[in-house]
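Submitted below is the structure of interest, expressed as structure tokens.
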Amino acid sequence: MATRRDGRGAEAIRPVQVQVGFHTMAEGSVLYRAGGTLVLVTASVDDTVPEFMRGAGRGWVTAEYQMHPRSNPVRRESREGRGKPLSGRSQEIQRLIGRSLRAALDLDRLGERTISIDADVLEADGGTRTASITGGWIALVAALDKLRTRGLLSGPVVRDQVAAVSAGHVGGELLLDLCYSEDSKARVDLSVVGTAPGRIVEVQGTAEGEAVERSEIDAMVELSLRGIAELVKLQSGALEQAGIDVAGLLVPRGGA
Amino acid sequence: MATRRDGRGAEAIRPVQVQVGFHTMAEGSVLYRAGGTLVLVTASVDDTVPEFMRGAGRGWVTAEYQMHPRSNPVRRESREGRGKPLSGRSQEIQRLIGRSLRAALDLDRLGERTISIDADVLEADGGTRTASITGGWIALVAALDKLRTRGLLSGPVVRDQVAAVSAGHVGGELLLDLCYSEDSKARVDLSVVGTAPGRIVEVQGTAEGEAVERSEIDAMVELSLRGIAELVKLQSGALEQAGIDVAGLLVPRGGA
Amino acid sequence: MATRRDGRGAEAIRPVQVQVGFHTMAEGSVLYRAGGTLVLVTASVDDTVPEFMRGAGRGWVTAEYQMHPRSNPVRRESREGRGKPLSGRSQEIQRLIGRSLRAALDLDRLGERTISIDADVLEADGGTRTASITGGWIALVAALDKLRTRGLLSGPVVRDQVAAVSAGHVGGELLLDLCYSEDSKARVDLSVVGTAPGRIVEVQGTAEGEAVERSEIDAMVELSLRGIAELVKLQSGALEQAGIDVAGLLVPRGGA
Amino acid sequence: MATRRDGRGAEAIRPVQVQVGFHTMAEGSVLYRAGGTLVLVTASVDDTVPEFMRGAGRGWVTAEYQMHPRSNPVRRESREGRGKPLSGRSQEIQRLIGRSLRAALDLDRLGERTISIDADVLEADGGTRTASITGGWIALVAALDKLRTRGLLSGPVVRDQVAAVSAGHVGGELLLDLCYSEDSKARVDLSVVGTAPGRIVEVQGTAEGEAVERSEIDAMVELSLRGIAELVKLQSGALEQAGIDVAGLLVPRGGA
Amino acid sequence: MATRRDGRGAEAIRPVQVQVGFHTMAEGSVLYRAGGTLVLVTASVDDTVPEFMRGAGRGWVTAEYQMHPRSNPVRRESREGRGKPLSGRSQEIQRLIGRSLRAALDLDRLGERTISIDADVLEADGGTRTASITGGWIALVAALDKLRTRGLLSGPVVRDQVAAVSAGHVGGELLLDLCYSEDSKARVDLSVVGTAPGRIVEVQGTAEGEAVERSEIDAMVELSLRGIAELVKLQSGALEQAGIDVAGLLVPRGGA
Amino acid sequence: MATRRDGRGAEAIRPVQVQVGFHTMAEGSVLYRAGGTLVLVTASVDDTVPEFMRGAGRGWVTAEYQMHPRSNPVRRESREGRGKPLSGRSQEIQRLIGRSLRAALDLDRLGERTISIDADVLEADGGTRTASITGGWIALVAALDKLRTRGLLSGPVVRDQVAAVSAGHVGGELLLDLCYSEDSKARVDLSVVGTAPGRIVEVQGTAEGEAVERSEIDAMVELSLRGIAELVKLQSGALEQAGIDVAGLLVPRGGA
């Protein structure tokens, strides 16, 4: 088995760097780097919810995702979405980020407030949606920690620790956490959004061309869950280093 | 195990009605009904390809998906996408339809032409994306048959017979082919786009709320593949009845 | 006098096929075919009226018209109005449909509700606006019949039976109910929206190029009114066959 | 028969004031006032035609129509069409102006150039579309005169002198050239675009509410043609006063 | 020192023609010509203010600026802002006009009403923004005079007489009130919005290319203020000729 | 004279932090902080120029400016410019940034290439336009340094060192480099874009309310130029620390 272009083994995730609190105005923020992908995620708290949810006492999490015009080796001709609709791809991704991070919370316990996640991809080398989710969970927790500190939470609200990664078949090999050049050659790729105890929030797999055997899908899910197990450790470490007590925000298992 | 509202068993697909050739201008068309969901799919052939593909000798399949303003029990306030961007949901779905039907073809054998799939959901009772794909494959084959009849195909171009269905966990039970009222209560739902021999083109599963065990995902994939096995028989029957020889359009296994 | 391409006489309308109730969710619907033109019209009832009419106790009828992207021999590059303004032509037509069907009703008797007409042209071979009006009246009555059945109408609300047709001068001959190839060669064409007793709701005549004598306009109005007399019989027959009692919905002459 | 609010008789047109050459940059221009309606019409000549007409040697006339935000007693909240689609009404009107003025010319004789008519309604008191056409014909001729003076026309190009006016039934009376307060009360109104010898370019009649007898339509056409006969004299007088020789631009009858 | 193309001296403003009351519906209006630049400015009074100002008892002045499609020697391909965003240049200018004319008033004394300035550039030969401001002040005062006449003002509301002009360095010479051909060759140009007693509301100077010495900026400000001194006399004269008593609208110095 | 809220003297600029090369894909980048304002500026080089400049052998600099949705204490409801026009304010600012940085270069020496400046305001506490220009010049030089290193520049191209700052009158005092709370209370504020030797590229001054004496404008220009003298030193220091040789990129005075 050959090593990969960046020296990683087939089943290794990319090196991750996390800077919690990079953006000082937002309640929570993280500058999240995974290999050549760099995402600024902010979590902003607003004390209202969308109109269709008013009065129900539940909270909401929403997300916006955007590529910086120079997030790629060549600058895009114009800023995505400026004066025109957001691309279908970006819409899909921001809907996925929102769903994934809503799954992380017990929205009833959050109370009637909205947390807005802004995932700005500053540099892109593959895996921007999974980096936005993994980093987004950190920013979300940092924002909740600020609410707790201000005495605005009546108890724990985080149901699950959520992270995401992708896997793919490239040239006959099963690889974890694809960078852009691998992703563009993959015969099939699959993203998993999962939790600390190895449960699944979302799975999306696509054969780029010919259909694949079910066993290949299974193997990719398996490998992705191993990657998520590593990522949740990195998330916890980064929050601990930033002095944020995650445990106190977690809803105890069995409690509702 | 209780029977479902419409009398089906938990593992049964909905009754399907197929009218091939409903729309007479399009090269291929089908009026596809699955339970309370009614989709008009047309397949239009154009002898050019998008600019980024010119000169490569390959074909392309693209899709547009749209909800009729009265496809739901209450009319929408305005036509989707009219004078404003298409919703994120519709964009996701039409991108999925396009990918799924491209997977069905050997695009090199299609030659430099584009087949445009228009999936107009006239009535919606859940499963509109899977109906669009299952019906779309029929319309696609009908259009290819017309090309063959006119002597415009040099040989078979269909790589796979493609159909799609969803499954979900509703109130503790695993159900196949969810209608709207089931879908809106599902704790987790999953769509599979698969092929006649049981391979997978695309899988998308989402926990609506709390994360789920991997074994639940596996069971839903399993059940969906059984549903797809039934749907491909219905597709073949409808095309046969319309006098279309599918076998002659299929690329023989092992051939490239 | 030569017969026409489709075998009709100069003063004959095209063969009409009417399927009442094709769309099951809408209160009223009709699949209306006139020659090669196929329109799906739905009538949806909503228990509110536009803001500028609130509290006046009057009802309203509004219309949306849209061409299916493959309603013509060649598929349009993109769906009309998607993400951009509706064409001027389509706007003109949907305004005309709305005005014409409002004229059919006694809006005071309708009560404060809106009936939305959706005219989707699935296949177009000329006369799509007149087909939308003639078919639209059928869908409108079917919807009102449903309201009556549910006990929601206090009495009759239909003031007039309304239908529409066009006439034109093509190559020296006066022809009724032009198909596309005739329409595109017409030196002058004119549409009339009229009622069962031969009154006029709307007349629109345009010389395509040089101006015409007033007598030509008069002859076209005359011929169109004869066509409308035939169409109203077809409308009545279709509704009767669908078990809908039109007479009971008609406001008696002299009554207000 | 009572006189009208502005002292006119039922069959009288409004006082017209014409200032040819108000706008000095445009090849042709007119500031046209009819009663309380004031329209600035410019005719701009461009030596190209729309792409679909290239190489055919024919000319084209196109029109844009716009209401000044303060053309009404109360200022509109925002400029029409600014950053959003033009209203359906304005689109209808500018399409009508374009068709009407194309009918005035022999486009083959114009040569491959486009004349753009800009009709800016500065003040509106009814009849803005007919004023735009009547004034537009003057601006068009002024522009053609400039082309002739510069030696750019090989011969006469004007096929017809075109003007327009409306008539309507208001409170039991048939009135010519309705002002806004009359128009808003009319039971039926009708516009005619006609030529100097009394031929018809376009007729549009609409019953506002209940359908009307054909004889009423006939009477309105008749009255409108009498109004047009007066307007063409006013057009000729204004051009003469501006030193423009209309006769020399008119294609002789019988000639092609 | 050579005279300029139009015979003016370097430090002379262009000939100005002012027609107060050209537009009769608007409370105030002026047709303002400065050399080859012609602007129609209307001032419309509305008895409400934007939502963010409600209840504060203060008035507001807002402006819209638009180029006529044929305001230049060649017609623009399409009307500015129609169905698309207004250009950045026009947005800048209309924001400038609004700020400048707000500075002219004591908004507290105006009361809770909005005056909307519409500056329509009919012909453009440079200096359209300064003409819009200078003419706009006249229209504004005419509108206020109408309010006073109707007894709707409790006292004087005009704080300053405001006018604007530009200066620039062209080919080594300092010129006042640049026309288009001068402006396009200027190495640096500067606009000043100033008041009757020589105070400054706004100054905007831009080096077109290389930076300039501060002394050059100073000289341009100086020259512009001399031009403004002339323009305020022309404004006063035009209003006097129109029978409007400006003095009675001016807030006395020292009074608040 | 009281010290300011952040302890600065009236004539002091805010503390500046500069991180050159923060963004690794862009040819040049800087993370620029001035007090509470944080801007990410990237400079991307493209080897083409806008169509209207092709073949002239000159280069171009263009700019896009955007506020992060959480750049303020409260998150904006939606991303600026997404699916709708950019605000007038942002358009003004990005036009100003482009003009200012074009003035910094000898575009003839740059050759036929475009440098795109992206100024993303991550946190905003006043002075975002001047920070974008001052930081933008650093990013621009870093990008040019990369071109030189790659041997793509034939000689020096930077004509001037450009920086920007604002001044204002707040509560009777003249203050330099206003933060948001000062800016919102200023009676008049003025921005200067200037060069290392104290020349002026652009000056924009606005009285917020009543007009001001010319001497006040003069004092603000004077103070701003002193601030610019400090900023150019900070720019040079930051580039030196990043190992970039600015001197070698500067066009020698007197040379052209």
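First chain written, first letter: the chains are A, B, C, D, E and F, and each begins at residue 1.
Note that a residue touches a chain if its C-beta (ideal position, glycine included) is under 8 Å from a C-beta of that chain, and two chains touch if they have at least 3 such contacts.
Here the structure is a predicted model, which means the values were calculated and not measured.
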| item | value |
| --- | --- |
| Touching chain B and also chain C, the following chains | none |
| Distance-maximising chain from chain A - centres being C-alpha averages | D |
| Furthest chain, CA centroid comparison against chain B | E |
| Option reproducing the contacts of B-C, where over half of them reappear, out of C-D, A-F or E-F | A-F |
| Chain C and chain E, separation of their C-alpha mean positions in angstrom | 53 |
| Distance from chain E to chain D - Cα centre to Cα centre, in angstrom | 34 |
| Touching two or more other chains - residue numbers and ranges from chain B | 83, 85-86 |
| Chain contact graph, described as a line, ring, star, complete graph or other shape | ring |
| Complex interface listing, chain E residues touching chain F | 85-86, 88-89, 91-92, 94-95, 99, 103, 159-160, 162, 190, 194-195, 198-207, 209-214, 217-218, 221, 225 |
| Contacting residues of chain A [partner chain F, same complex] | 23-26, 38, 40, 42, 44, 46, 64, 66, 68-75, 79, 81-86, 116, 118, 120, 122-123 |
